[in-house]
Each structure stands twice: as structure tokens, then as C-alpha cells.
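The first chain written gets the first letter, and so on, giving A, B, C and D; residue counts start at 1 in each chain.
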Amino acid sequence: MSLLAEALRERVCRANLDLVARGLVMETFGNVSGADRDGGIFVIKASGVPYDQLTAEHMVPISIETGLPLETRFRPSSDTPTHHEIYRAFSCGGVAHTHSEYATAFAQARTPVLCMGTTHADYFRGTIPVTRPMTSEEVQTDYERNTGLVIIETFETLGLSAEDVAAALVANHGPFTWGRDASEAVERAAVLEYLARMERTRRLLDPDASPPEDYLVNKHFNRKHGKDAYYGQKRGAGRSSLT
Amino acid sequence: MSLLAEALRERVCRANLDLVARGLVMETFGNVSGADRDGGIFVIKASGVPYDQLTAEHMVPISIETGLPLETRFRPSSDTPTHHEIYRAFSCGGVAHTHSEYATAFAQARTPVLCMGTTHADYFRGTIPVTRPMTSEEVQTDYERNTGLVIIETFETLGLSAEDVAAALVANHGPFTWGRDASEAVERAAVLEYLARMERTRRLLDPDASPPEDYLVNKHFNRKHGKDAYYGQKRGAGRSSLT
Amino acid sequence: MSLLAEALRERVCRANLDLVARGLVMETFGNVSGADRDGGIFVIKASGVPYDQLTAEHMVPISIETGLPLETRFRPSSDTPTHHEIYRAFSCGGVAHTHSEYATAFAQARTPVLCMGTTHADYFRGTIPVTRPMTSEEVQTDYERNTGLVIIETFETLGLSAEDVAAALVANHGPFTWGRDASEAVERAAVLEYLARMERTRRLLDPDASPPEDYLVNKHFNRKHGKDAYYGQKRGAGRSSLT
Amino acid sequence: MSLLAEALRERVCRANLDLVARGLVMETFGNVSGADRDGGIFVIKASGVPYDQLTAEHMVPISIETGLPLETRFRPSSDTPTHHEIYRAFSCGGVAHTHSEYATAFAQARTPVLCMGTTHADYFRGTIPVTRPMTSEEVQTDYERNTGLVIIETFETLGLSAEDVAAALVANHGPFTWGRDASEAVERAAVLEYLARMERTRRLLDPDASPPEDYLVNKHFNRKHGKDAYYGQKRGAGRSSLT
């Protein structure tokens, strides 16, 4: 395996452990992957390895073209085909999946996370959608691949950009997020959980509250993302902070 | 006492302390037991010993046949007859009882924890039931034994398998869970608490949300349990992770 | 000051610090006192001392007969007259007052904490009452003493025993609890907060859920309290654990 | 830069870090400033610097008269014009802005935090208001300055004193608080978050509960603030404790 791939394994392993540090993991649910598109691979957590024993060698390399593992030492996460479909459809470099408490509760209620304020708009341009329930056929045959496909179908049906809204809730399952790399996917998983917590409270306070106007949402999303972003220091601040 | 029984005491003591580590204990509520069926005994926490002083010697051995203590150094938990009835009726090797916040609130509302998603289905095949309230006679005479019997009656009345659904809520009291050993019983107590938290939020978001279809529940339960399970590594991963 | 009084100061200081350790303190709200009835005094936290600087010397001795401080080094808590009235009316040896989040929210909603299960019944025999709002005269003249008197009036009006129900919510203010000593008063403040959390969830799940029958409440209260209590070890276990 | 300004930078840096310690920060949201009115400046957190790298040198000095930075090493927080307008309108010495979970949820529901008890009245004399939504023009041109102006407009429209109620919720955005210095602004941000948590629960328990009478609110506010305050020790206790 190349040096680049080794560095990728290290980063993706850290991103998986970061899920735990951010309180997004119950028992051993969850998995994160990260891609090296030039190398044509992504690496993903091995199946059935407890987080407290996780090391970079448990990151299994997968071909982006075929979706097949390039090593046989460890079985990759059973959710690997879901990640694979997301890499094929969306131009991202990292994918995270959790069963974090509030985002999962929204998925279980099949309730989208509405954009009700600037905290949301700083990260996602609009509602986080919920997929339709999967059919019996989709569940019984190639379930994990179909999980990826129903996310992609949701974005197509709703006309959503996967860059504007880098997250989806799979009905009666849980959240998937993506980003430029594994670390950004995990950051977005953490923000989505926080937004779900706030949105739960907002609904309790006033179920009929008006969402902010589009111009406020766009102002905040563009203040942080894209060519006219003006937060942070002139060099190197990247996406590290909103002030 | 045999070496095997000593090892059992150690494991069950650790499982009791694990209740505290997982945040399932308020004050000194809760108790865990574990069985050695070949030896014909189970051991259970002594009554009235604070968790921070708990050692393996506070695990009191009980005869599975008679339900009576085999030692007189410490009084066993007053809930011992409840555990005893569960061991007699169900083919399990460990039992846990907590007053964990959300599972207990469901028991106090006499509200079952519905299976609303794959997090639930990965551990329990369907709804966690609530017992009927106990009668005055059941409470006044042999209360703790009758607590066990009303759990078993609930499973019989509903036609539930204690392997598919290894948990029950005793009305206006709290949750009991069981498993292959004390450690698995505690793991399920922790998962049940998490499911109750999510189900509380789901009900707030949409009280009428549709549960997932049976084929999704069965897919997830079978993906992890039984002969066609395909999560984890090929050897030794056991039940340690879902990915 | 006597050696006994010094020991009392130490114990009451620890009980005050225990409020913080149990997560019942926001900013510097809250205060605990403890009595030496033979010595005719109680000691209470000084006013305006941050918890991280609190030592036994900040515990101010007060005459149970007159309610006046017996030392002038530190001003006693401004809530001292409330504690004083409680010691005069109820046969307790410790009093705690907090603004803990959920118990205070119940006080702000003027909603009693109903006894909905055995966790509650193990500590309190029945509903935790809320006082009536205080009148303008009661607030403007001798406010803190009248706070104590409105608690006592509530128990008289409802025909409650201060031993069966050792807690009250002052309307639009917060909880007071009492016990045999300062430590037990704090333990009950912690349990009350936990019960309020669960009762909040119970109300969300089913606002009309039936409470348990009296025979279940009495069974649990008596299992732990009074001459027929049978939890714990034969000597020395005291109130330390329910199993 | 003067020694006084250096000391101010240190204090404001600590106040920014205190936001994190108090659990008010999600990712890198939030910023605190503090003023030296005699020196004609305030200092504010630099934009885009993660909290774990924050030092006093990242506090950027700003002219209170012009609102312009007096140094060019670091860009000031993009919210600087909001702080500037608050310093111009209100006689305060510190300003804090967070996206803390519950206060932000109230802002997203455009729901004021009502004064329902003495915990609130000890810090704020009455309801914490929500601004009107900002217009498209206000958002598209000089957004951050207009955010400050809409806070000030809210206080003028409602006839509120910025000393009695030292906090506001910007609609669909989040809370701003102020005080005598940066540290007091942060303390009030923490208290506001706690009040929002309790008010959320109060609304769930009884949406129609009566608020306390004005005489109780004034009693508590005046017990702690103003010339007749009687909490704390005779010297030096300042605002450090309520007992």
C-alpha cells in the first residue's frame, strides 16, 4: 500500500475516533470513510472492531470503481456499499454514518430537520431531508447498496445539491453526512446532531414558527462558503471557525 | 466455593459496576445477577452495599432450584426472587434491573417502547412491553417474586419470545433486561435507555409516525443475531460491534 | 464553640459542597444547613461565598430558639429565616435549598411532582406539593421567614406529614428538602431532581397516565423506612442503598 | 499598546475561554468583547481562531468611536459591528454572543424567555425579548451592524432598560448578553441558557402557567442589585453569590 494510502488510513481512523469523542456513538454504532480519488480508493472502518481497539490497520481500502475490498485482512463495515454509492454520486471526499440520538430520532419520526436559523445556515443551505421508506425488495436484496441509492434518489427528487446540503436522514435508520474529507463529514455529523436537538426544542416551543427568509439563509451560508466568504483570517483559517 | 463460582462473582461484580459507568444508576438503585447453569447457581449483588464499596465478595450465590442463598455472610438483593423467576422461565444467563431515567419514565407512563428504527431492531425484535399493574395481593404477599411472575405472564399473554425481546418494563417501577450473561444484560439495559430517549423525542416530533415495516426490523435483527448474521469479523468479534 | 459544633460545621460544609458534586448548583444558588438540636443550634452557609472557596468556617451558627446568628464573622445565608421556620415546625436535622433545573421548572409551572412509581415511593410517600403564591405583604415584609411559613401552611392545609414527604416546591421559586441531617437533605434534593426529570418525561408520554395504587407506594416506602424495613444488611447499612 | 489594554486583552481572552468551559460553545461559534471606555476601545476575539489556540494576542482592539480596528495583525470577529452598536447604545463594559443550545432554540422559535421565577428575577428584571426578523435590505447591506441596531430598536420599542434586562435574542439567530465587563456578560449568557432550559420545561408542564407577580420579581432583582441589595458579605462579595 502506498504512503498516501497509509496517511489516509491514519486520518480516517482519527475521524472514526472523533465520532466517539464528540458523543455521537452509542455502543459501537457508526462508521466513517475517507477517499483518495486520485488513487481511486476510499478506506473505511472494519466491521465489528470496538472503538477502543481501533487502529489505522482496521481501515479497509475499497476500490471506488468496483466497491470491492483491496485487502482481505479485515472485513469492511457492512455499510460499505452505502458509502460506495455516495462516493459515486456525489463529489465528496469523506462520509460519516452515526446513530446519534436526536438525528436518529428525527429519522425515526421521518421528520426533516428544517433550517430555522443561522446556526443551520452556516453549515447547510436548507432542510435536511428524509428518504422514503425502502421497499421489501430493496431491504431483502443488496440492502446496504440500496440505502445509498435511496439517499441519492431523495436528492434527485427534491432537486437538492449535495454540496449545499451535505446530509440526509435515512427513514427509520439514521443520518449520513459527507464533506471534503472524513474530518469534515464528522464535523457535519456533530453539527447535524446539534441542529436536531435545537429543532426538537423549537418544535416544542412553537410548532408553527416561521422559518427565516431565504436571504438570511443565503447570507450565512455564503458568509462561510464559496468565493465571497469573509469569516476567518486571510490565510489558513479554512473552515475552522465562525465568529 | 468453586473456582468457577469465584470467576462468576468477579464478572457479575464488574457488570454491576458497569451499570454505574454507563450512567444507569441514580443513588444506589439497580442490581445485576449472572448464572452458572451447570453449577445450578446464580450470584447477585448484596442488599444495601453502596456501589463504591462493591467487591466480588458482595455477590451472593443463590440456588437456581430453590431460590435460596447458599451463604449467609450478606443478605442478597431484595429483588432476588424477581431474578430467580426470570432464570426459571427464560433460558438466559444474566439479568439486570435499573431505575434508569427514561426507561423508568416509560414504565411510569405505562407506555411501551415501540420499535421505530434499526437501532432498536439491532437489539430487540419489536416493542418492549409493559406489564399490567400488580394487584394488592401480589404486592402484599411475596412482592418481589410476583414482580418476576408478572413479567413472564406478559410474555405469555403477548406471545413474545424472551430471546427476540430480552427486556420488559414493570408498570410504575422500571426496566428488567436479560442476556447470555450479566454483561450482555447490562449492555441491553444501556441500549434500552438509549432507545427510550430516542422514542421520547420521536413521540414529541410526530406521535403518529409510522413504524418501520417488519421486513426492515427482521433484516436488522437477523443481520446481527442468528445463523445468517454477517456483521463483524469472521472469528471472535461476537456481539461486539455493529458497523 | 464546642467540638460538637465544629464537627457539625464540617459535615454541613461537606453537604453544601455535595450540592455542587451532584450537579444541583447553577452559578452559586443553593444552601444547606444542619442542626444540633441538643446544642440548640443549626449552622448554615454564609451568604455570598463562592462554592470553590467554601470552608467549615463559613458555616454560621444560628440559635434554633431565636433564629439569630451566634457569631458575627460572616453574614448567614439570606435564606436563614426560611431554614429556621422549617426547623421550628418539622422534627428534622437538616435542610437543603436548590434551584436545580427540573424541580425549579416544576415550581415555576406551579405543578406538583406526582408519585408515579417506585423510585418516588422509595423516598417520598406521595406527591411533592407546591405552595400557594406569596402575597405582596409576605414578600415585602420578612420575605424569607414567610417563605418558610408558606411551606408549613401547605403541609397543614393538605394534611401532609413532613416525615412522609420531606420536600416542597415554593411557587415560582424552587425546592426545599429536609431530613435527619444535612447529608440526607441533600440526598433528597438530588432524588427530587431526578423524579422531576422523570415526571416531565412521563407527562410528555401520557399526561393522563394512572398513578400507582396506594398499596404499591406504601409497600416501597415501608420496605425502606420504618420498623419493618427489609432492605440492606442487618447492621450499618442505614439508608445507604436500595437493591 | 498600553498596559491597561494588555490587561483587558487577558481578561477578555479568559472570558472567551470561559464560554467553552461553561458549555456554551458548539464547534467555534460565539465571541466575547470587553471595553476600556476611558481608553476609548473595546477588544474582541479575532475571526476564525479555534478556541484551543486562542491567546490574548488574538483579542483585536477596536475604536469605540469609529468601530474600526486599531491593529491589522488579525481580522476581528465578523460580528464586531454588532458589538460596536451595543457599546454605543448601552452603558455596558462587556458583550457576549453565543449559539448556546436552548437560548438559540428560543431565538429560532421567536419565543421570548418569560420571567417565571426567582432564578430569572435574580439576574434579569422581566422577559428576555426577541427582535423582529431583519429585512432583506438589512441583511444584504451591513448585516452585522444592522443586527446590533435591531437589538437596540427592540429595547426602544418595548421601553426596556438595558440594565434591567441585559440580554436579547436575535430572531432566527441567537442570544446576545452584556454586563459591566466581559466576565459578567459571559455569566449572563450562562444564566440565560439555564433559564431557557427551565422555561422550555415549564412550557411543556403547563403552557398557561401564571408568571410571578411583579412584586416578587422586583424583590429578587433588588435583593441582589442596586443600593438596597442585602445578599453576600459586607465587602468584596460583589455579585459573586446568591444564597
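The rule is short, and it goes like this: a contact is a pair of C-beta atoms (placed from the backbone, for glycine too) under 8 Å apart; a residue touches a chain by one contact, two chains touch by 3 or more.
In this text, all values refer to a predicted model and were calculated from it rather than measured experimentally.
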item	value
Interface numbering overlap (same over half, different under half) for subunit C and subunit D	different
Inter-chain centre distance, subunit C versus subunit D - centres from mean C-alpha coordinates, in Å	33
Separation of subunit B from subunit D, taking each centre as the mean of its C-alpha atoms, in whole Å	47
Residues of subunit A engaged with two or more neighbouring chains	204
Pairwise touch network: line, ring, star, complete, or other	ring
Contact set on subunit D toward subunit C in their complex	116-119, 122, 187, 190-191, 194, 197-199, 201-202, 204-206, 209-213, 215-216, 219, 223, 230-234, 237, 240-243
Subunit C-touching residues of subunit B, taken from the complex the two chains share	26-31, 45-50, 74-75, 77-79, 99, 101-102, 104-111, 133-134, 136, 139-140, 143, 171-174, 200, 203-204
